[in-house]
Amino acid sequence: MAKRVSLFVTCMVDQLLPKAGMAMADVLERAGFDVEFREAQTCCGLPAYQAGCVAHAREVGSHFLKTFADADYIVVPSTRCAGMLRRDLPRLFSDDPSARGDAQALSTRVWEFSRFLLEVAKVDSFGARFPHRVTYFDTCPAPGQTGPRELLQRVQDLEYVEMNGSAECCGFGGSFRWDGPAETDVMTQRQVVRILASKATHVVGLDVACLLQLRRALESGKHPVRAVHLAEVLASR
Amino acid sequence: MNLPTQRRADMPELRARAAAIKKHVLANLDHYLVETEKQVVAHGGQVLFAQNIDEIVAFIQLLAQERGVASFVGARATGVRNEASALRRVVEALSSDVGAYLSGHLATLIDAASFDLDRLFAAGIGITGANFVIADAGAVCLAEGDDFASLAGAAPKTHIVVAGIEKIIPRTRDLAVFLRLLSARYPGHSSLLSGPRRAGELDGPEAFYLVLLDGGRSAILADAEKRELLRCIHYGACPESCPATPVGQPGALTPLLKPPLIAAPDVYTSALSDACREACPVNINFPRARVALRQDALGQANGWVPLFFRVWAFVMVRPRLYEMVALMARAFWPVAWKCAHPPAKSLRQLWRERSR
Amino acid sequence: MSRDAILQAVRTAIGRKPFQKPVAGPEPLLQIHNWTAADRLERFCTANAALGVPVTLASSASHARELVAALIDGRSAIASLATVLAECGILGLAGVQAGFPDAEALRHACASTPVGITSAWCLLAETGTIVLRSSPEEPRLLSLLPPVLIVVVSQSRLLENMDEFFGLLPQPADSSSATVMITGSGRHELHVILVGADDPTVAPCRTGQHREYS
């Protein structure tokens, strides 16, 4: 009987890049899992938390706890949201030991997509085919990961090329963007230049926010490079 | 972001010990403050406790008057960046003639032009910071790339050390951990200075004062989430490891100790990566502390942010409301990210359509 | 009084009472490798080679004196009153001034002489570090001011690292107002001369038979 995983797609994937979430579901099914999507899901609370509105983040965190209380595996297509849930969810409930305990237990069942594939599913090949020249962008908070690169390199007909400075910030950085648009644009442009220098036609990442930041810059510069989520590549045939 | 020190085999152990020692000191800080005072006095020095910079300035002015001192010389141990700003302010505030021998960041060497022997010898008071204050020795440790702070401490008749209360470490042998951590980044010159010259010594100061500055640190100590910021040893890996360099923060204590205490906009500059925490040699959970700082900042200001998130949270715990709001947002707003139009359907819509 | 207010604020912040004894704190990591004298010598030299500091091995007292004379090269020099310098006859070299009647004379000499000659309390092999401690024989300014600094040390004082140093001397602050650890040249032109370097079995430091300065 196949194991069941519950998708937490994140509000950004839900609204702005649903393809990535659907692709993630496809890949997980191909890896032998039953995939469910709980409609009650909304957000992990990261925006409020990072802004310092811990009380409001807690409300949203409670909702997450309720929604996924009995899920065995919660798979997330975002390094930032997965990081938030794994690291900071328990902290939202520092005044409530029982909720904190629940959050602690649940946080260990949250998995960023690529880590889930490598560490839980232990599958690295999905019959995927992606005949393009591809480079990889390290999204926070997980720079320098070899796992996703390995996953990419097992895709048929994919030509992998490393870009320079892949671990430097794309400029999205949460409220960074609103507080310092000039600096963020400089940072994004720096990465765009590096992506172009790699001569890749596609840049792959694990987080929608970063991908959208790059995509915006690539499109406004009319560059033909596409920013896609790892799941989309692994789901391609 | 590839720091040479990360390759030391003993780095994880050093970091763990350093964090543990600092944690212990902070949890027993009053005891170590009292012990420091006792040992400094035993070695012939004096200790003053200062609530803020103004008290230090007043003290130095009084001392200068009593001793007929006309000029000062100041120097900063490398990496003691916060003390440098405190020192600079101290030195600037003094009305007398001031010579400043400030060593630069990290490995920058001073050229002959800014090193003036006459001024050094004319100065009646030398003022330095300290990297560490050692409780059982009643001594301060200055770790620098070069020996300017040592000169400022050795030549003038009076040596005043200004150090935050968080600089304390318990024992001389703890330097085996802390200097090792620092020495990879600031090789060169480490001095352990304890009080005025001993009987028979021909040089060194005749009077030694250790000024222990609170300056808001006891308030930070009281907050469990911010307390670990006080472990900072000015190692400097955090800005280097930040993926958003050069826009990253200069040091764990910087947003705290520059007035007004917490509201600095720097607190909001963050790329949300974990790199600083991973790079910190004393394992400061800087991202967590930053959230606490932002929480405080919001508490003090009455901006739109708390109101925004109040509404946001209201929506986010109601899935159907969220879906409606999202639909409307997509229909009427170009996305804040200004990329191509949002997709026609959200994932949840697609999922419903997916035949299951 | 600021002192009491601050101590009280600290106690309140951490929830402790006056005179409350803390539990024993965690120990630092002390790394003792048990290197042989030959090991230590090699590491010290290698470390200083990487730092660009010339280390010369003198096989005898007179050899050490010749080396220093060559480095002085006709310039004026000031020397500390360290025993090893006297024993090697360095204090008697032409152009070398040693012993100062008072602080003023010392200061003037340090500020105006191109070469300084001193010994060291010990050396640290692991990092190539020179440890100087101020004393009646060794003033601080001698190692701080002259642009050229020659350090003459018996090889018997070559320790492994600062961990061993603190093991031998747990409270350096008790017997000297300044203990300085120099690694690399910094502003100065630094030269190290090791005396008695071709007898690798000599290691009196380990058995505590070294000389104390004070």
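First chain written, first letter: the chains are A, B and C, and each begins at residue 1.
Quick note on the criterion: contacts are C-beta pairs under 8 Å (C-beta built on N, C-alpha and C of every residue); 3 or more make two chains touch, one makes a residue touch a chain.
Owing to the predicted nature of the structure, the values given are computational and were not obtained by experimental measurement.
Visitor: As a test of whether you follow the contact definition, which chain pair has the most C-beta contact pairs?
Guide: Result of the pairwise contact count: B-C comes out on top.
Visitor: Determine, using the mean of C-alpha atoms as each chain's centre, which chain is farthest from chain B.
Guide: A
Visitor: Could you tell me the distance, in whole angstrom, between the mean C-alpha positions of chain A and chain B?
Guide: 33
Visitor: Give, as an integer number of Å, the spacing between the C-alpha centres of chain C and chain B.
Guide: Their C-alpha centroids are separated by 30 Å.
Visitor: Quick one: chain A and chain C, Cα centre-to-centre, how many Å?
Guide: Going by mean C-alpha positions, chain A sits 55 Å from chain C.
Visitor: In the complex, go through chain C and note every residue touching chain B.
Guide: Residues of chain C touching chain B: 2-3, 5-7, 9-14, 16, 18, 20-22, 25-31, 51, 100, 102-103, 106-107, 111, 127, 134-136, 139-141, 144-145, 161-163, 166-167, 170-184, 186-187, 214.
Visitor: Within the complex, which stretch of chain B touches chain A?
Guide: Contacts found on chain B: 1, 242-245, 247, 265, 268-275, 288, 291-298, 305-306, 309-310, 312-313, 316-317, 319, 322, 326, 329-330, 335, 337-340, 342-343, 345-351, 354.
Visitor: Name, in rising order, each residue of chain B that touches chain C in their complex.
Guide: My answer: residues 10, 13-14, 17, 20-21, 24-31, 33-34, 39, 43, 48-51, 55, 109-110, 117, 121, 134, 136-139, 145-147, 150-151, 153-155, 165, 170-177, 179-180, 183, 187-198, 200-204, 208, 212, 214, 218-219, 221-222.
Visitor: Tell me, which parts of chain A touch chain B in their complex?
Guide: Touching chain B: residues 9, 11, 13-19, 21-22, 37, 39-43, 45, 47-54, 56-57, 59-60, 62-63, 80, 83, 87-88, 91, 140-141, 143, 167-169, 172-176, 179-180, 183, 187, 212-213, 215-216, 219-220 of chain A.
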